[in-house]
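Chain naming follows the written order as A, B, C and D, and within any one chain the residues start at number 1.
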Amino acid sequence: MRFRQLAIDSPDNLLFGTAPRPLTTRRGMVIGGGTVYPEFNFTLPDIAIDEGSMPAVRRQYQQIIDDALRRAVELEPPGLVVEFEMLPPMTQQPRWGIEITAILAEALEQAHARHGLPSTLRITPNDTREFERPARMRHGPYWEGMRQAFDGAAAAGGELLSIESVGGKEIHDDALMAGDLPAAIFALCVLGTRDMRFLWSELADIAQARGVHCAGDTACGFGNTAMVLAEQKLVPRLFAAVIRAVTAVRSLVAHECGAVGPGKDCGYENPILKAITGMPMAGEGKTAACAHASPLGNIAAAMCDTWSNESVQNVKLLGGMAPTCYLEQLVYDCRLFNRAMDHGPSAATMLRNWLVESDSGLDPQAYILTPHSVVAVARAIVAAPDHYRAGVAAAATAIDLLREGHEAGCLRIHQRELPWLDRMQRSIEALPESESAFIEQMMGEVDTTRFNPAEYGL
Amino acid sequence: MSTLENLGQAIEQGDRNEAERLTQEAIDAGVGPQEILDALVAAMDEVGRRFQANEVFVPEMLIASRAMKQCMARLEPLLVEKGIRPAFTAVIGTVEGDLHDIGKNLVAMMWRGANFNVVDLGTNVAADKFVAAAREHGARVVGLSALLTTTMPAMKRTVEALKADGAIDARVVIGGAPVTEAFARDIGADGFAPDAASAVQLVRGLVEAA
Amino acid sequence: MRFRQLAIDSPDNLLFGTAPRPLTTRRGMVIGGGTVYPEFNFTLPDIAIDEGSMPAVRRQYQQIIDDALRRAVELEPPGLVVEFEMLPPMTQQPRWGIEITAILAEALEQAHARHGLPSTLRITPNDTREFERPARMRHGPYWEGMRQAFDGAAAAGGELLSIESVGGKEIHDDALMAGDLPAAIFALCVLGTRDMRFLWSELADIAQARGVHCAGDTACGFGNTAMVLAEQKLVPRLFAAVIRAVTAVRSLVAHECGAVGPGKDCGYENPILKAITGMPMAGEGKTAACAHASPLGNIAAAMCDTWSNESVQNVKLLGGMAPTCYLEQLVYDCRLFNRAMDHGPSAATMLRNWLVESDSGLDPQAYILTPHSVVAVARAIVAAPDHYRAGVAAAATAIDLLREGHEAGCLRIHQRELPWLDRMQRSIEALPESESAFIEQMMGEVDTTRFNPAEYGL
Amino acid sequence: MSTLENLGQAIEQGDRNEAERLTQEAIDAGVGPQEILDALVAAMDEVGRRFQANEVFVPEMLIASRAMKQCMARLEPLLVEKGIRPAFTAVIGTVEGDLHDIGKNLVAMMWRGANFNVVDLGTNVAADKFVAAAREHGARVVGLSALLTTTMPAMKRTVEALKADGAIDARVVIGGAPVTEAFARDIGADGFAPDAASAVQLVRGLVEAA
């Protein structure tokens, strides 16, 4: 545990656009330095990605970025973060991902040179290691492709390195379906953290060699999967809320290994990381409805430093191509945040509070993201001796917060879900003190054919 | 309440040991294996109904289906003996290039609950693997899952390959978040279901109509 | 001129969610009574509308409304306005429009009965009279179809009657392309107002007979056409801003004839109507980017009582069908407005001010919609003796406001546009005092083959 | 500056009386009508370029094109005399069910500025009217505009009708906000342009290639 105390230890100081350790980009944007920037995301419409279709794929990305930048120049955001989230074939054939990175980087360069639009490019290769099962996490062609994609894309103009890594997910998926909190903690805080340490140390080397920044990871495959499942009423919202708190332990490891933010958009655990590290974080909420429904539409904005639409296909809407429509929405959202900030921190805090109150009483997942909850979970994490116990502490704190919130009448919990509070609590109270005992126990319970312990340094 | 009624309730509650005990009790009492099987399937249908009505979560459904599995282990020898076999075989998998499997796994679980013989090929399954499995198992149904718009073309290729193979007489059904009814029609699939519970009804309908 | 004084005469009192003359709907929503409601809009994807395709069309609308209401029930807005904006064949064959109205009304009824979701249905048949050129405005099969569509849809469950009427547009289109302000005033305030008086008197009769409400019109075909043209850099923004002010005179006539609000979403002149009439108004801005870009993304929310996405096709995005995605965004936007209102009027006014300041300095069209400008234009309108002079007064006031704003450094105007301030001012200073002299003059200038004066009561 | 240079400038500035005077001056000075016409078209091209570069607004372009029209009235008899005719005829209109015409009008204006003979059929034009007009005028180009997704199928029908008629040898180009390059390909149109200025280049390219 590298972080032993909170960078932001009062809920009052958790605020959008403001981070104690802001990040300055090449073109002078200061993320977390008093401004919320739009973070623009997009993806391909229905189209296969192969040698034959690559010319069409390139045209798509060129068209997306040209159209969006034309509008961005008109709307004049204070700066623009563009995320290029690759699609798996682009990481497996890294030259494709690198080529498209170059297209985007060149367009951003032009928009800066001609129109003075500041921008930075986040590149997010895929975690393709799971294409093999059980996966080889630390060598083999998939891992090699990932390395090359990062290295090449960093050389081609990507300035912020991110990934949605999936180490531990092979166990976590089952844990979610079974509503099994100890197995989830094992997946996140034993397997996940070990893989993160490996992965982000490698990325730190690449970033250093290329003079770019490690930005951060996300527990998307864990926390957002749980959220989507809860949204579809497949698992209880309470369970998803506790999982969210636990995911922070895993995502934090990127920053333990040198990532400086902004943590990736879909990491709804980001406010917890922000409290711990003081680094700027991305967020996404209502304006990412194009990518997924959520109970976090407004609250996700309360503490973000960049504001993203997560992903939208390049299809035509009446107002224009969907990515450009969403860019416009992001820019206006950010204008509002920044306007409030122009009126000083107390005005901004009022807006933050409305964003929080908007959602926090209606859903346990939102309740876990109130500034008060965030700081409580963050504090539990930094006080723990190791990642395993940090995970248990995060879960226990989350359960307490939810129970208190419910009892105080601040949080509505569906009748059908209430028994899960006790059920989850019992399941973690029974856990052993030491990580090694926990590992031993879990290796007897989870489906060990799904992963290779050596690949996790176990 | 009769033993079979109790058995049904034990399944619905996911009480696998009790369910297993009651299965044995019914066998011992001379109840026919088909009748016991029907009771199990009916109970799983009820679980499916509750699931579709948002009355239970997946974890509850999961333990019900595990309970059923445990009962089936007891029942299987008798079914074999009487020559009673699952109504038909369904092959399922996520198409090439796609690793999403949560939705597919749910569909497979529900199909098993409906007593289809389910062969799960996993994720990232190439078209020729689907074809080979459908031939090998004499599948009456093939289910394809895709969650990425970029793997939807692989779905199309797979449907075409299955339809082109004269030795295969299977209904091809598809699903996954980006898939629509219209897309299913476009690529020549026989059916589409938006969720796991309706995937059971869909397949029952198609197979009965065939 | 029925309205001789302002219902809201101080900029301070112009606020979202709050109208001096709120409207109570059948299911108990009080529009303008302290709550901003989402107003949900949608349209068909590429699909022809004819006898053969009607089954598919019906399925589309059924699917749109079922999917959206499922999500609405989860998100629990305080109420929902649903607008059914017909497509022209549905007004020409009124039974189609009526059938779809019934489908939507039934779905809303179910959602209310089963889940307690309050809602109301706005129906917006098309102004199809222009399918004949020169148009017959007051009789003939097109007008008959419109009458039947309104009457039948009101009987089938439509509660709020609206239309985007186009009387005068045949002249206004040319006026826009030529940048001709007097011709635009002729189109809006001589032809347009006369047609509005005929049309809305007829609608008032239907509304009374059916026990429903006339809600309002919009100068969409005028002001929004100008805005889209300005956005495409085809006409100056200054010109579009002045046109916007003038359009209020025309849209106001609906309320002179008995419409009680909420005026239609795309009428960006609505704040002016709200100041004059005190009735609730719809608005649309950033969350209507699916339908069109605008320089009014946030400011349009500052004074709205329902908040709309204008129109989005029923296509699939990653997060679900596009209409449902947009519904989610609207609900979260409204949650924020309503949250601020929960903290009292001064909190809400702070949020309003940030929404205003967000856009007002960057574009003349936004500047015309600041509460200060709105009240000034509204005051000029009610002080005028007739619609013609109200139009001239609105234009003159707008020009003054823009000039002052620019000089005070509150409004940025592009160098290339600046000469248009003088150009527009000169063009209206030269106009005669009396309407009859103006009409005589304009009949010599505009293309009179395009319309039949008798159809406008001239 | 020569008379033709001055004429070009007058057009660019939309000074129609000066332009007309200079046209007459050039005629009187014995400058060939083709040469004068070329100067007018070059000036309008320059206006189009400025328009595309957002240096001028439509109202300015409109007065330039009116100035050109006034000059053409003077020039026409001489052109007829010399047998000089517009390069070709283009028929344009908004398809059936659709009343949007601002975009179409702009395209027509730009095409006229490029000295195509433009036959504007207006709005809400049925497929058979396009066919009849294309035949009657021996059109080399037909332009279809649609702004509604619901009238895009009418566009398809019109393209098919035009292509099916053996007596018509015209390139069909389409445009309007909901139209895309891909849609143009899908329905068998020969070209698509996103705006009026590129519509000129598009048609020049297509006709030269033919």
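Criterion: contacts are C-beta pairs under 8 Å (C-beta built on N, C-alpha and C of every residue); 3 or more make two chains touch, one makes a residue touch a chain.
None of these values were measured; they are calculated from a predicted model.
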Separation of chain D from chain A in steps, with touching chains one step apart: 1
Touching both chain B and chain D (chains): A, C
Chain pair showing more contacts of the two, A-B and B-C: A-B
Distance from the mean Cα position of chain D to that of chain C, given in whole angstrom: 34
Centre-of-Cα separation between chain C and chain A, whole angstrom: 40
Centre-of-Cα separation between chain C and chain B, whole angstrom: 52
Shared-contact residues (touching 2 or more other chains) in chain D: 149, 178
Contacts with two or more other chains, residues of chain C listed in rising order: 43, 313, 318
Chain contact graph, described as a line, ring, star, complete graph or other shape: other
Touching pairs among all chains present in the structure: A-B, A-C, A-D, B-C, C-D
Chain C residues touching chain D - in the complex, by the definition given at the top: 43-49, 87-89, 130-131, 133, 173, 176-180, 225, 229, 233-236, 313, 416
Touching residues (chain side chain B, partner chain A) in the complex: 54-55, 57-59, 62, 97, 99, 101-102, 105-106, 122-124, 148-150, 152-154, 178
Chain C-facing residues of chain A, complex: 43, 71, 76, 285-293, 297-298, 311-313, 315, 317-320, 322, 324-326, 328-329, 331-333, 335-336, 339-340, 342-343, 347, 350-351, 354-355, 357-359, 362
Residue ranges of chain B touching chain C (in the complex, touch as defined): 149, 177-178, 180
Interfacial residue positions of chain A with respect to chain D in the complex: 316, 318
